[in-house]
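Consider the two complexes below, in which chain A is the common component and chain B and chain C are the respective partners.
Here is the complex of A and B:
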């Protein structure tokens, strides 16, 4: 089959690789109809996530048709159309039983590596380094889906792929970020990052009843999408004015947003030259893993007693983390890799009922063979690229 | 095939500050010119370089008043001026140590410029025209003219 493989920093290739096979009784094989490039794939592409190996198949957002099932998969059959959540979860462990699916204790065969870095293992993830299990990803013609009796959701109507594909990751991730903010109606929410996850965090905050949703980014076209399509009420373009904290105060009557969502993660860009220079050089020399401009500003901007919701991906260690502001303002931090399984059915229902059309983020729909150019276009924000869907 | 230019504006900025600092501090001693006019010239070059870097419109600039392409042009002129200095002052006659560091730094700067991407697109090596041709979506329509994709809770 054809698959997008990691071939070193800033290089992916579409190559012929062996077809996947059923290895365990709870596996299924899916013929992929649509797959997407995620912003977090760029952390792999840029070489910031350790334990990648040449030839690893990328991709953790995918859907398609079941073509083979293992003996113990009794909820799916050949021909079913499914969306596959990016965390791989067994459904049996303490974490899964408590709906903490992305913390599954059984799905990561390289748990020892994660334990060394994080103190505890994390779940397996498709196409996301050997730290998360070394599973082959879904930017390919076929994928093996472990624990297929637990993860995939069946799509039983004729909704377009682009309307349901993002149930695999970015819609639930954005939604979880908004849900962390305890929105009950009337709140002011600031969202750092108007990339695909940020767009869904904005849309989810609107869906949940926030009164004011402020999108923050440095790319005008992304801010325009946030305002036109996702429902942001205000936007901050920090390429024009780098003092985000002050601008948020101005927009919120001097108090600051009730909650702030960090949808940026470890490769944050920023206008503050000296701080950015220090972080960029430390990250390039691998003496810190995470550039923290967005999270620092999120903590400084959030109103006292507010909530900081972190859904952007961080990998290791960050310098100059403002613990003083965090403690003295009495902030609550909520974070985590998304427990996608928890959100599949309710969000699918939102899509079916027409309350949200997730396809709004798709700016590029390309054949799988275009993956190398698509990664470059997405990474460098060329051609007003927000989200790339690949069709194997 | 166009020449690859892998140095993006951020990496160029990081080099500006680190090389500028090195020239102002340890370089003259390492080059064996401490206490001579050459040391003063090299320190001045480092200080000037770091100073206009802080004023450049690139990610590591502090007050972004100098366009990036103008910065690159100043780099080139500065490098040539540094290389010419020992020959203008006549200090080249005092030995190789009085002109070789200047010329070496000039060559380093010019080669760094040759590898720097003036478009600020960084190390972009994709074919965006091919992507545009193959794209089955219209980004402009999706971003600028589509309807709101979400219903507020109260609706």
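Here is the complex of A and C:
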């Protein structure tokens, strides 16, 4: 089959590789109809996530048709149309039983590696380094889906792929980020990053009843989408004015947002050139893996007693983490890889009922063979790129 | 540190019974001469399995490593065994990826395959299919 493989920093190629096979009784094989490039794939592309290996198939947002099932997969049959959640979860361990799917204790066959990095292993993830198991990803014609009796959701309406594809990751991830904020009506929420996950965090905060939702980014076209499509009430373009914290204070009458969502992660950009250069240099020399402008600003901007929701991906260590502000302002941090399985049914219902159409983020539709160009376009935000969907 | 522990989300009598069955019995631990104890985990979380390799790091492990001069450290092998036992008892299958087709394996830590599907002969070599 054809598959998008990582072949070193800033290089992906579409190559011929063997077709996946059923390896265990709870596996299924899916023929992929649509797959997407995630912002977090750029962290792999850019070489910031350790334990990548040349030849790794990328991609953790995908859907398609079931073409083969293992003996113990009794909820799916050949021909079913499914969306596959990016975390691989067994459904049987204590974590899964408590709906903490991305912390599954059994799905990462490189648990020993992960334990060294994080103290404990976390779940397996498709196409996302060997730290999360070394599973082949879904930017390919086919994928093997382990624990297929637990993860995939069947799509039984004739909704377009683009309306349901993002149930695999970015819609639930943005939604969980908003849910972390304990919105009960009337809150001010600031969302750092108006990429695809940020857009869904904004839309979800609106859906949950926030009164004011402020989008922060440095690209005008993304802020425009945040305001016109996702429902942001205010926007901050930090390419115009780098002092995000003061702007947030002014927009919230001096109080600061009740909750802040970091939808940026470890490759944050910053309006202050010198600070950015210092962090960038440390990353290059490997004395810091995570570049943290967004999270630092988020903590400084959050109102005392508020919530810091972190859904942007981090991988290692960060310097100058503002522990003083965090502690003295009595902030609550909530974070994690999304427990996608928890949100599949309720969010699918929102889509079916027409309360949200997740396809609004799609700006680019390309064939799988165009993946190398698509990564470049997405990385450099060329051609007003927000979200790329690839068709195998 | 020559001790390690894992919690299996099943009652103690079931865990102890499965530990002794031929299909589930963790071979490396059994042959290492390690001391194994079982206890109820707090808060209805199942059963804790504690393994103590003793000062020598387990007699068989130590000897094998001395004779061949290679192989993973005994504690890492014990952890492999415990994770596989937990997977089999809780899920009924071994978690296998393309990079680690055998399932959790200390020897694979530094010799990962790329994460792309294996050819049939590679699968057979890895003992899968």
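Following the convention adopted for this analysis, the second predicted complex is superposed on the first by the 392 of 392 C-alpha atoms of A that agree within 3 Å, B and C clash if a C-alpha of one lies under 4 Å from a C-alpha of the other, contacts with A are read in each partner's own complex, and residues count from 1 in each chain.
FYI, a residue touches a chain if its C-beta (ideal position, glycine included) is under 8 Å from a C-beta of that chain, and two chains touch if they have at least 3 such contacts.
Since the structure is predicted, the reported quantities are computational estimates derived from the model, not experimental observations.
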Partner chain in contact with A:72 - chain B first, chain C second, else both or neither: second
First, second, both or neither for A:221, with chain B first and chain C second: first
Chain B versus chain C as contact partner of A:135, first or second or both or neither: second
Chain B versus chain C as contact partner of A:230, first or second or both or neither: first
Which of chain B and chain C A:93 touches, first, second, both or neither: second
Touching partner for A:360 - first (chain B), second (chain C), both, neither: first
Touched partner set for A:311, first chain B, second chain C, both or neither: neither
Chain B versus chain C as contact partner of A:19, first or second or both or neither: second
Partner chain(s) touched by A:376 [first = chain B, second = chain C, both, neither]: first
Chain A-touching residues of chain C, taken from the complex the two chains share: 7, 9, 45-46, 76, 79-80, 83, 86-87, 90-101, 103-104, 106, 108-109, 112-120, 123, 128-129
Residue numbers on chain B that touch chain A, as the complex places them: 10-11, 13-14, 17-18, 54, 59-62, 64, 121-128, 130-132, 134-137, 139-140, 142-154
Residues on chain A engaged by chain B in the complex (per definition of touch): 10, 185, 203, 206-209, 221, 224-225, 228-231, 269, 273-274, 276-277, 280-281, 284, 354-367, 370, 372-377, 379-380, 382-386
Chain C contact footprint on chain A (complex, rising order): 3, 5, 17-21, 23-26, 51, 53-57, 72, 90-94, 97, 105-113, 124, 127, 130, 133-137, 144, 146-147
